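We just call them A, B, C, D, E and F in the order they show up, numbering each chain from 1.
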Amino acid sequence: MSELVKEFNDYREKMNEVILSKNNLVMKRLWNLDTNTYEDGALDKKTKEMLGLVASMVLRCDDCIKYHLGKAHELGVNTDEMYEIFAVANIVGGTIVIPHTRRAAEYWEELETSK
Amino acid sequence: MSELVKEFNDYREKMNEVILSKNNLVMKRLWNLDTNTYEDGALDKKTKEMLGLVASMVLRCDDCIKYHLGKAHELGVNTDEMYEIFAVANIVGGTIVIPHTRRAAEYWEELETSK
Amino acid sequence: MSELVKEFNDYREKMNEVILSKNNLVMKRLWNLDTNTYEDGALDKKTKEMLGLVASMVLRCDDCIKYHLGKAHELGVNTDEMYEIFAVANIVGGTIVIPHTRRAAEYWEELETSK
Amino acid sequence: MSELVKEFNDYREKMNEVILSKNNLVMKRLWNLDTNTYEDGALDKKTKEMLGLVASMVLRCDDCIKYHLGKAHELGVNTDEMYEIFAVANIVGGTIVIPHTRRAAEYWEELETSK
Amino acid sequence: MSELVKEFNDYREKMNEVILSKNNLVMKRLWNLDTNTYEDGALDKKTKEMLGLVASMVLRCDDCIKYHLGKAHELGVNTDEMYEIFAVANIVGGTIVIPHTRRAAEYWEELETSK
Amino acid sequence: MSELVKEFNDYREKMNEVILSKNNLVMKRLWNLDTNTYEDGALDKKTKEMLGLVASMVLRCDDCIKYHLGKAHELGVNTDEMYEIFAVANIVGGTIVIPHTRRAAEYWEELETSK
């Protein structure tokens, strides 16, 4: 796994443990619900991860983008498909999405080269 | 066509004409580009319209939502699929997306009943 | 009840029924969770409703603002307290919050005069 | 004055009076400061109103947009200049700015025809 | 004081000095007003800092969050209360608030352990 | 050139190359259009860069801010003018713009001292 991907996953895991250790029920249930949201249903997982990704891009949440890039990669989204998702995000959300697209492209390269 | 749908389309068309009549090249080219973004490519039109819809929902743009609901309806998205898109938008964007989901649900009912 | 308040409540109730009738589990569970979030805990209900209100104001969600204004009114927030919440929202969120504050002030007057 | 412009100004004035009558000092001082921000300085008023307008457009605040359109109109911004401001807002903020641009264009026509 | 807290405070102080040295009156007055906003009034300081915090969380401003976490800590907000504020922010603002909650939780741990 | 400015430019250039190498036509055309938007027209370049900057500030996009600060610097915007742009952004967008203003002020100092 690339350093960039590992660093993201490690910090995420460490802080999730801290947060869950406080036993706030709303936070716990929201996180369970978040997981359920992306499971196969009328739409398949891959489509849902693409929806989660484009939503994260227009809301310009770098960590959310990284998370969904990882999932989309696992589920077999290819580079041409990925850049069409980037294109929708940039057209809907404007040029302020470009810097987030740069960081997304960097993370995607890492995922692709460390396959 | 339902009154709600007709009113949206009429105002949209009328004001698009006003804007295009001013011959601002950046606006014209952005609108062409917007149309191209949702054409079949590595991803098909239906998937792209769903991406445009979820992006519009989390950015809470009612008119953008209506536009993509209309397109998604034409392309055969069904009600179960639609509510899974709504679910992703509400989980990613939070309860502030709920009022927009109410208006989206109302518009979707109109599209479904006027088929 | 004032016409403005009644109209808001009626539309909200009508569309909530439409949405819940579709049996999307994520939407249902998110709504239950939303209700739980504002119950007495380490912080009391009144404080939590004030938190929900200021969050809705800076995110500029008029319907969310109306909902929390209604709840805050029921829980005994007074007008001086309310305007201090408005002040925090306007300082944090800037002058783009002002138009939403105008509509919030109008709705608050309705709640106060129809007591 | 056109009906659209009059309606906006009347509601704005009415609710400003309600808000100021509550004597919240933070709100009063913020509003004074808001007025000072757009006075001649190193940059002239016209430039500052254009800055306030483009900021309001990308933040998608229709009432803020109307206010700055009125001021820009008084200060002699012409239609070609106005559409270049619209273009910057649409490129930076993306296609979600388009519905606000439609309403801005409608209001601008009213200001121009009621000169 | 922890390294994370010290680093935040030092940069903040250094850049505030740079900004204030330019003598822009609007900036100076806005900062004074910002300070006044959180003083005891109809609502007490602690409540106002919690309002400022939840507003900063839903607007996803990490530095604003850190500032209000520091103030809330000084004013005696405890960990259970803090996580209920986090819960409101995550429900209102959605899962895009989670990465900011991770960084907030990390900073809060630092404040708690360096008491 | 200062280290901060060089680092920003290098990363930007490197990732732009990666993105353009994928030959997504929508992304390419959006970037061309972005360049055209800021060319002399009814409004001059300097005014347009100031518009792009204030829009980037209220949308709180640090990299967009750095880019427009660089362009504004090249086009002769002086420090008093710059701080009036900062003031508009902070008033319209609120105190959540302050942390971005700190980073903008730091970058501006670098541009000024490395002239």
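As a convention for this text, contacts are C-beta pairs under 8 Å (C-beta built on N, C-alpha and C of every residue); 3 or more make two chains touch, one makes a residue touch a chain.
The shown structure was predicted, so the numbers you read here are calculated from the model rather than taken from an experiment.
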Intersection of the contact lists for subunit D and subunit E: A, B, C, F
Examine where the copies subunit B and subunit D touch and state whether the two sides share over half of their residue numbers (same) or under half (different). different
When I count C-beta pairs in contact, which pair ends up with more: A-C or D-F? D-F
Farthest from subunit F by Cα centre, which chain is it? Let me know. C
Could you check which of B-C, A-C or A-E has the same interface as D-E, with more than half of the contact pairs identical by residue number? A-C
Centre-to-centre distance between subunit B and subunit A (centres being mean Cα positions), rounded to whole Å: 23
Can you work out the whole-Å distance between the CA centroids of subunit B and subunit E? 37
CA centre of subunit A versus CA centre of subunit F: separation in Å? 27
Subunit C, residues touching no fewer than two other chains: 26, 30, 33-34, 37, 56, 58-59, 64, 80, 83-84, 87, 90-93, 95-96
Taking the touch rule as given, give the residues of subunit B at its contact with subunit F in the complex, in rising order. 25-26, 29-30, 33, 36-37
Within the complex, which stretch of subunit C touches subunit D? 60, 79-80, 83-84, 86-87, 90-91, 95-96, 98-99, 101-103, 105-106, 109
Can you tell me which positions in subunit D touch subunit F when the two form their complex? 33-34, 37-38, 41-43, 47-48, 50-52, 54-59, 64, 78, 80-81, 83-85, 87-89, 91-93
Under the touch definition given earlier, write down the residues of subunit B that touch subunit E in their complex. 58, 90-97
Taking the touch rule as given, give the residues of subunit E at its contact with subunit F in the complex, in rising order. 11-12, 15-16, 18-19, 22, 24, 26-27, 30-31, 34, 56, 59, 61-64
